[in-house]
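Next, two complexes with subunit A in common: one pairs it with subunit B, the other with subunit C.
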Partner chain A sequence: MATLNLPHLKSDDLPIVIAAGFILVILAAGTAYTLSTLGTAPLLTPNYLLTQLQTGAFLGIVACGMMTVILLGHIDLSIPWTMTAAAMMATTIGGPGAIPTGLAIGLIVGLVNGFGVAYLRIPSMIFTLGVDSVMRGLMVAHTGGFAPQDTATDLMRYLAAEKVLGVPVAVFVWAAISIVISAVLARTSFGKAIYATGNREAAAYLSGIRTRWIIVGAFVISGLCAASAGMLLAGYSNKAYQGMGNAYLLPAIAAVVIGGTSILGGRGRFIGTLVGVILIVLLNSVLSIAQMPEAGRQIIYGLVIIVMLLVYGRTTRVTS
Partner chain B sequence: MTTASTPRRESALVMSIRQNRGFYGALLLLAVLYIVYNFLHPKGFSTNVFIANTNESVALAFVAMAQAMTVIVGGLDLSVGSVMTLTSCIASELVRGEPWQIVFGCLVTVAAGTGFGLVNGVIIVYGRLQPIIATLATGAVAMGLALLIRPKPGGEVDLDLNWAATNSLRDLAETYHLFSDGEDAWFQPIAWVPVPLLIMIIVAAVIWVPFKRTVTGRTLYAIGSSEGAAFMSGLPINRARLWAFTLAGTFAGCAGLYLAIQTGSGNADIPQAGAYTLNSIAAVVLGGISLLGGVGTAIGALIGALILRVISFYFRILSIDPLMQSLVEGIVLLLAVSLGAVRTLRVKNRLELFR
Partner chain C sequence: MFQELSLMPDLTVADNISIADPPRRFGLIDRKAQRERAEALLARIHCEDVDPRALVRDLSLSRRQMVEIAKALGKDPKLLILDEATSALTSRDVETVYSVLGELKQDGVGMLFISHRMHEVEALCDTLSVFRNGQHIETFAKGARSQNDIVKLMIGRDVSHQFPPKPVRTKPNTPHLVVDNLRWENALNGVSLSVGKGEIVGLGGLDGQGQKELLLALFGVLRGVDGKVGIGGADGLTGSPAEAKSGKNRIALVPEDRKTEGLMLPMSIADNLLAASFDRVSVGPFIDRSKEKQAVADAIKQLQIKINRPEDAVATLSGGNQQKVVIAKWLMTEPEIILLNDPTRGIDVGTKQELYRLMRELADQDRAILFYSTDYAELIGCCDRVAVMYDGRIVTEFSGAAITEEALVSAALNITVPISTSPGVPA
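Right, the complex of A and B next:
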């Protein structure tokens, strides 16, 4: 890490500082582009930034859950259809029971994932993949493969699309979930146990941590976050639809990793995930303002992740 | 220790079965599934059914073999589906025209996959990035390149090649006027063999089997088992990892080439690329390869891919609602991996679970 002359920073903070710096670079480049083509700087208006935060809220909430799982050195690939299932069941039930139903879906998926990974010791990548497939099958069977006709409840629409004091409510939801998760990670024994288990599960177990419960707990958090994001997304577009969660899995992983969380587990700060989410959302929106075709967006998106990780995400060489 | 103390030496086959339970289990499962399938099929045990089935399996088999290369070293390649899509788009542009152009196009396609795999390997080995996240990013780049080449689905792959590569050997001989249009007497016993099956076997035999016997090939397993021990033994770790990801690219390139020939076109379909990547992981697990690395073979991945495909064939003949397919696939996957979890019930020292 000596390549960058920032001696006062802890190594965990370095990625966050660099990612935050990159956000400024994106904003500057985007503004330069709009100034040269349109003569205005819409990127820097509060309204624009708030709109971006609103669309970023869905990704941000998913990333919160994903981070707790990645901190354990695991991964949750069941997020796309957990989101979709929660949204579909919530809109199907409707009324005051809608949101509890969606959260219950997230809870159940989290418990199943946690059981498979913690108790059956199946690699999380394959188990959550299987659960995702099962959820997809169940939802396709439930809807007959068509877009369900039910619409989101008023509460879901309010939480996703309304504004309070000019700020989208979804941003408040994201902020609330973020505060809860960051407090859990930093202040509670459960949070400390997540880091300990992610570092070395055997050592954590020998220290008296019930590591299997910790793993189940982290997957439940991930399931609940995915379910919340799914329901918000349904409220935003007023209905649930097939494959609505597909676009959130990879960006969520990317946001967590860009924010400095090690994919091997045990290291990473919550603020980094927030920065990672904002970086990805802004990158996407600047690319769409520049009317970059999908091909160019994919390429730039991939290159940005690679370059950022080459700067600070390198692992140490295994020599013993 | 017990094997060393027994006076009688076990035969090679028994020992092989003992050491590769996952692989032989997968082989048995495939055989049972496919034989039952043929009994249920109204035209079961016929060449046409066999050809159609192998045809649909080739691309996934290659992608699964690509995934196997990286999983054996303890990594994972999330870009295989995208590289397959990229190379199929390249093939849809190049594999047509004069015979030399077709051959050239095929070579360029596979070379493109190989090159992309090499880039993956360089980033992972010399950039020291985690394979899963590095290939996640390079997969996006591959998808972008595929969209650049083919913004809309299409392309005109040579029709003769399409016909020859997706049917029996007799059709191949007829198309290219070999062995007196396939009428030679010696040719008859093998004339029914599906070309796609041969393609799978030949590619596996030419690339994987020799490679596994080299020092580099053995090093893959050493890295997957314990990278530190492999390093201390002086094994060529960087070279082996580079080879693993490069060969993964080669297999993905073969998958893309075959997909383009089979469908006659290229399509930069993002969901399809994702589905192939995920299915390749499932195939690798079903084929007895440990996701922790160090155990399994590319042939196992091929078997795993075939199992996945045979399961999907059942939907047609049993007239199960195709909408249920992903449900059944998911349940089969969960059951298969849960079988491996039986060992956790037998473990006496719980610390052994945490490795």
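Right, the complex of A and C next:
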């Protein structure tokens, strides 16, 4: 820390500052582009930014859950089909029971994942991948391989697509979940236990922390977040469809890691994940505004993630 | 070669011995030559019984250490550095190693032998150097100094003032922790022991005679423990550290390796201090910031932990201060029973003395302390009673003035055999 000449900046904060700075760079570069081609600056209008937040809400909610699992040094690869399954079952059941049904799916998947990782001691990367595959099979069996005909309930549509005071409701949902998760991580003994277990499971266990419960708890949070995001997504597009969650797994992991959370667990602040989500959403959006062909977008997107992690790796080695 | 073994457990003995520079033919590893080379090296240290094709994982600790020695010899060293090379060997192997080292000496190989066993140093070395706290203190020829002088050089002052005085007992303590016939796999073969309130009971014996397993079993870490444990009259056999630290049990364990078992090194000092007692500073589900701060400040003050800020990573502290953090963490849970697993390993003499004083203070506050140490002087200086373990059971107990180095050493080697009935062959 002394090497940074920033006395109040912890090493954990540095990635967040860098990521936030990069968001400004993206906005500036995008605005420069639109000014030179169109002569206007649509990126800086509140309308555009709110649309980005609306898009980011789904990813943001998934990333909240993903972060709790990554803090333990584990990973949840079952997110895509947890989202899809929750959305499909919610639209199938319909009525007032739709959202509780979807959350129940998330809870069950989380419990199964947690049990497999904490009690059966199967590496999370393998176990959650297997659970994802099982969920996909179950959903294909459920729908017969076709897109289900059921539509989202009014409440799901309201939460996902309506606006209050010009702000999308989904953003409020994202904000509410974020506040809960950040409070849990920073201010409860459960959250502290997540950090401790992620740092050194043996030491946490020998400190009398019930590490297995902690692992199960984190996977349940991840499952619930994925289920919520899946149902919102179904509300947004008015129906559930096969593979609707596939586009969220890797960006969620990227957002968490860009936000400074160590992929090995134990380090990372919640605000970083928020910044990471916004960065990824803006990057995608600006690249598409710039009419970059798909191939170029993917390359730039991947390079940004790699370069940022390289930068973080350097700084943590210097500071620790 | 290292004290901590540097072998890959899942490779064969032959692979391990030639790991850095395997014999090659046409660029590929020549397995036959590699095996023959391993056989030749093992024969040189009289370990013909080790199959070069066996996996290192399947060998006993002493065999592994011999393989490690063979590996070091395989490099045809001019200078051989042995760091506690004999710590895990059986006495027969130690003699073999001595004779091999003697041969090497004849061949003109220079050797640096690091050991904390005085008699090994006496037997092997020509010149002695004493180090203390990372500083070179003195180098002299063998025989130039008496053992007492060397010990003085090692600790930097006379031994006598190291330990706080022991209280004089008028009547025996009421036992608080009672262990009866505790068994676990091969490591514990019927341990019976009692620790009274206000008493420090030492666990002695050679390394690896079940002392660590006994502490872990009491702390609820091991599965499948047989036998009875009574705490304050009630059943005290627990299934997890979370149970052991809470309720009526109130057990604390300062584990063997503070870096991997005691601390979350990258986390802050404050978080480490509170790791066992977050529930104590919480209101409802939330941690109360002011209570947290107060508890951390109290702990730092009580143990005089030298820190800059509580938010710093605990990895920035010295070994002694890290150990204080581990102990302070457990004192916050207000334990009745404190299990200490070699707590003074790798910490400086000054901090050691503070810990000795602290142990005595804790005992005076009516806590029951079970203290395992590999250092005889500590056991003699600190403990009201010392139980010596051998082959998973307690072979004898000493108390008061009967705790002497001779008594402890002979009991540790199971020479006097006062309780044990089976002869017990060291593994």
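Here is the rule we go by: the second predicted complex is superposed on the first by the 304 of 320 C-alpha atoms of A that agree within 3 Å, B and C clash if a C-alpha of one lies under 4 Å from a C-alpha of the other, contacts with A are read in each partner's own complex, and residues count from 1 in each chain.
Here, a residue touches a chain if its C-beta (ideal position, glycine included) is under 8 Å from a C-beta of that chain, and two chains touch if they have at least 3 such contacts.
For clarity, every value in this text was computed on a predicted model and none was experimentally measured.
Residue contacts after overlaying the shared chain place A:L310 against subunit B, while subunit C stays out of touching range. After superposition on the shared chain, subunit A has more residues touched by B, the comparison being subunit B against subunit C.
In the superposition on chain A, contact is made by A:R121 with subunit B only, not with subunit C. In the superposition on chain A, contact of A:L138 is made with subunit B only, not with subunit C.
When both complexes are overlaid on chain A, the residue A:A226 reaches neither subunit B nor subunit C. In the superposed model, A:I253 lies in contact with subunit B only, and not with subunit C.
Within the superposed three-chain model, A:Y205 lies in touch with subunit B and with subunit C [touch as defined at top]. With both structures placed on the common chain, the touch criterion links A:A57 to neither subunit B nor subunit C.
Contact with neither subunit B nor subunit C is seen for A:V69 once the two complexes are overlaid on the shared chain. Of the two partner chains placed by the overlay, only subunit B lies in contact with A:R297; subunit C stays clear of it. In the superposition on the C-alpha atoms of chain A, the part of subunit A touched by subunit B in one complex and by subunit C in the other spans residues 200, 202, 205-206, 320.
Against subunit A, the residues of subunit B that register as touching in their complex are 76, 123, 127-130, 132-134, 136-141, 143-148, 151, 227-228, 231-232, 271, 274, 278, 281-282, 285, 291-292, 321, 323-331, 333-334, 337-338, 340-341, 344, 350-351, 353-355. Taken in their complex, subunit C has these residues touching subunit A: 219, 221, 240-242, 244-246, 253, 255, 260-267, 271, 274-276, 278-279, 282, 285-287, 311, 313, 315, 329, 333. Subunit A makes touch with subunit C in their complex at residues 10, 183, 187-190, 192-193, 195-196, 199-200, 202-210, 266-267, 320. Interface residues of subunit A, counted against subunit B in their complex, comprise 75, 77, 116, 119-123, 125-127, 129-138, 140-141, 144-145, 200-202, 205-206, 211, 243, 246, 250, 253-254, 257, 263-264, 293-303, 305-306, 309-310, 313-320.
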